[in-house]
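Two complexes are shown next, each including subunit A; its partner changes from subunit B in the first to subunit C in the second.
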Partner chain A sequence: MKNYFIISLLCMLSLTMQAQKIYSKNGSISFFSKTSMENISASSNQALCVLDQSAGNLQFSVLIKSFVFKKALMQEHFNENYMESNQFPKASYKGQITDISKVNFSKDGNYSVATTGELTMHGVTQKINSPGTIVIKAGKISANADFSVLLADYKITVPKLAENNISKSIDIKINVALDQKM
Partner chain B sequence: MNSNIKKTIVFAAIVSLLLLAGFTYYYYQLGPLDVKNANGKKMAAADLYEHFSKDSLSSKIAYLQKILEVRGTVSQVSQNQQNEVVVLLKTSQSAAAINCTLEEPIKNIKEGDIIAIKGICSGMGESDRELGIWGDVYLIRCYIVQ
Partner chain C sequence: MYKKISFLFIFAIICSKQILAQDSTDLMNLLEKEIGPNEADQTNYTTATFKTTRLINGHSVENVGKGVMDVKISHRFGKINGGAYEFFGLDNASMRLGIDYGITRYLMVGIGRNTFEKTFDAFFKLKILRQSNGKRRMPFTISYVPTIALKTIKSQDPNRKNYLSSNLFFTHQLLIGRKFSDNTSLQLMPTFIHRNLVQLIADPNDLLSIGIGGRQKLSKRISINAEYYYQIPGYKIPGTTDCFSIGFDIETGGHVFQLHFTNSQGMSERSFIAETKGNWGKGDVLFGFNISRVFTIGKNK
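And now, the complex of A and B:
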């Protein structure tokens, strides 16, 4: 009898823990490069994002080839020359919302949070600290974050001819509706 | 050198430069692939998923950045943060789908419908077996095939 009770308790605990993880396979990641010569932007709506609501662990993964540009040539150069997407097909992030405890997932609101983690792209991993926002609206949870990365930090080199057209610092926007539960 | 020959050479050089500049400008301004009016390789959703899950290398060579026309049963219709319609097509793995982001709004497509969708394959997403997440195979810039 006692064993049944413990097993039931463990099962319930495991279900509760699983329910605390939410995810999306269609998160949006956009990036922008602004120079006096040209503005370049691209976006992907195919990012996987997983958030552990209790521990604050946060994970992203996106296929480089899912980024769409307005111009075909830019997309080709992005994949072949800069990101080398055949060799490095994904960019990923593993981190944590350090102050997840201040988010009340059962109450509507915009919660400003701090994140810290590691971003891997083009085969290079760098530490990223960024503020973000968790938005709760009518029970739906979404996560937003804006931050910048330096191309040089990820060993992405721009040829001299295109130096004036591509910014050395790229702004990244993340916007994910975490609508799937585990 | 005869002045007429000189003039011809200069004229030819200018025309060549103008042509080169025009071609470069045209090529630079070229928009993304016209998926709507292109023909895609026809295949079943289950077969596409099977190929990616069994042999990622050869499936990448065969399908990445190519236009595919995938037929399957709709398992979910939703909207992403950009208000684009996302249609999932069933595969042999219940937790994985062919994940299609549409370019145009659609009506009257619901779970259980059998449809064909044309789009560019961008590969198989990340799986996390510990969390029970299976990677979808993504099609982007999709259109419903009528």
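And now, the complex of A and C:
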């Protein structure tokens, strides 16, 4: 009889311990297109990012219109002609850090991790696997990743006239300080 | 008894854990429940109502971005009904060379020089309201554009003393535009024009008109535009016609090409709105184009 009580208590304890979730409302995402003609870059610091520390579930969401370019006209064309942000206002990622157990959240260090998930933008969802880094410094957790995507995979078409100015493969850089607890 | 209760207790906890585990797979939903969706507290301003700052002859509600210089080269050829002898008007060209600059996101200035009556013009365009949805909703974009024009062509009348003020023209326009969908935009342009000097005593100095214009996109980078200015009877120069223009916008990266047909040779507000003589019905139609090239000088934002 006592055993049952102890087991149920343990269950309750485990309930409160599991599912520590951390998030950020202002993650930074930037992307780069490098060609011999011209280098184009833009960034947003309004990405939503949430990580389940125990299960390794990881999600991002960013408004396409929050990306800022150096040239105002490029920003307009990016929204209007390439990403069609009225129709597809968000880009989102849903995935997992597969080796989250490697990360000791209470110890400072750079932990290289592997992620696997699905990236949705411009109405197209593609599987994406990328290495990333979890950095823990003085109790603060941040996540970084660099990867690249092909425009063609997401049905983003570049007209012939702009073909030499826009790279077919776009490098994406993510840097998020997961400083909020849920 | 105890055994039963404890057993149920454990069962309930296991069940609740499973439910929790299910929920936690969609973290974003959980997060949005907690802090509200990403876009709820944001105002989404409408952009690209028109492809460039001019509809055809007149202004659109678009401004150039901050720190952006827009060089505009515009041509109007002669009347098409001049026939093959005049090469359908291409023998005669009148042009406007202009430079626009964005001081802020909502204020731009511009100057230009027109072949037509050797006219200089200058304007500023102030965005008063921006069409938006989301947190702040606004159905229209409204801009105010005052223009001053100076005619510098030598007077035909040698007996008359010519004051500088005699050659000045003032135009005030309100542009009320709305982007109805990604492809369709319309705008209304109530316009007031003041001329310091008029030809006849009976001619009015103050002219009123209302313009209507719009664009329909044919593809991502090509649109068809039309623009019509209705002059209010009693507030127009007798013998003039209303200006109607129709054309295409073709956008290629930093350039916008506008190709059009119009019944006005002048390109400053006072000439195409108030002094158009051409009649579409009689074939007094001119071919013309505007080329816009933007250069980014300052920083965006």
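A few comments on the model shown:
What we mean here is this: the second predicted complex is superposed on the first by the 163 of 182 C-alpha atoms of A that agree within 3 Å, B and C clash if a C-alpha of one lies under 4 Å from a C-alpha of the other, contacts with A are read in each partner's own complex, and residues count from 1 in each chain.
We take it that a contact is a pair of C-beta atoms (placed from the backbone, for glycine too) under 8 Å apart; a residue touches a chain by one contact, two chains touch by 3 or more.
Please read these numbers as outputs of a predicted model, since none were measured by experiment.
Under the clash rule set out above, the superposition-derived model of subunit A with subunit B and subunit C contains a clash between the two partners.
When the two structures are aligned on the shared chain, A:S142 is found in touch with subunit B, with no touch to subunit C. Of the two partner chains, both subunit B and subunit C are touched by A:L73. Once the two complexes are laid over each other on the shared chain, residue contacts for A:N26 go to subunit B alone; subunit C is not touched.
Applying the stated contact rule after C-alpha superposition, one finds that A:E118 touches neither subunit B nor subunit C.
Of the two partner chains, subunit B and subunit C are each touched by A:L48.
When the two complexes are overlaid on their common chain A, residue A:D99 makes contact with neither subunit B nor subunit C. Residue contacts after overlaying the shared chain place A:M182 against subunit B and subunit C alike.
Once the two complexes are laid over each other on the shared chain, residue contacts for A:K65 go to subunit B and to subunit C alike. Applying the stated contact rule after C-alpha superposition, one finds that A:P89 touches each of subunit B and subunit C.
Which of subunit B and subunit C touches more residues of subunit A is settled by the count: it is C. In summary, superposing the two complexes on chain A brings one listed stretch of subunit B into steric overlap with subunit C, and the stretch in question is 22-30; the others among 4-12, 22-30, 76-84 or 112-120 show no clashing C-alpha atoms. In the three-chain superposition model, subunit A touches both subunit B and subunit C at residues 21, 23, 25, 46, 48, 50, 59, 61, 63, 65, 68-73, 75, 79, 89-90, 92, 182. Interface residues of subunit B facing subunit A in the complex, by the touch rule stated above, are 27-33, 64-65, 78, 80-82, 84, 86, 99, 101, 122-126, 128, 131-133, 135-136, 138, 140-141. Across the complex, subunit B is touched by residues 21, 23, 25-28, 43-46, 48, 50, 59, 61, 63, 65-66, 68-73, 75, 79, 89-90, 92, 142, 175-177, 179, 182 of subunit A.
If you check the complex, the residues on subunit A that touch subunit C are 1, 4-5, 7-8, 11-12, 15, 18-19, 21, 23, 25, 46, 48, 50-52, 55, 57-59, 61-63, 65, 68-73, 75-77, 79-81, 84, 86-87, 89-90, 92, 94, 159, 161-162, 165, 182.
Interface of subunit C with subunit A (complex): residues 2-3, 6-7, 9-10, 13-14, 16-17, 20, 24-28, 30-32, 34-35, 38-39, 42, 44, 47-48, 64-68, 102, 182, 220-221, 252-254, 294, 296, 299-301.
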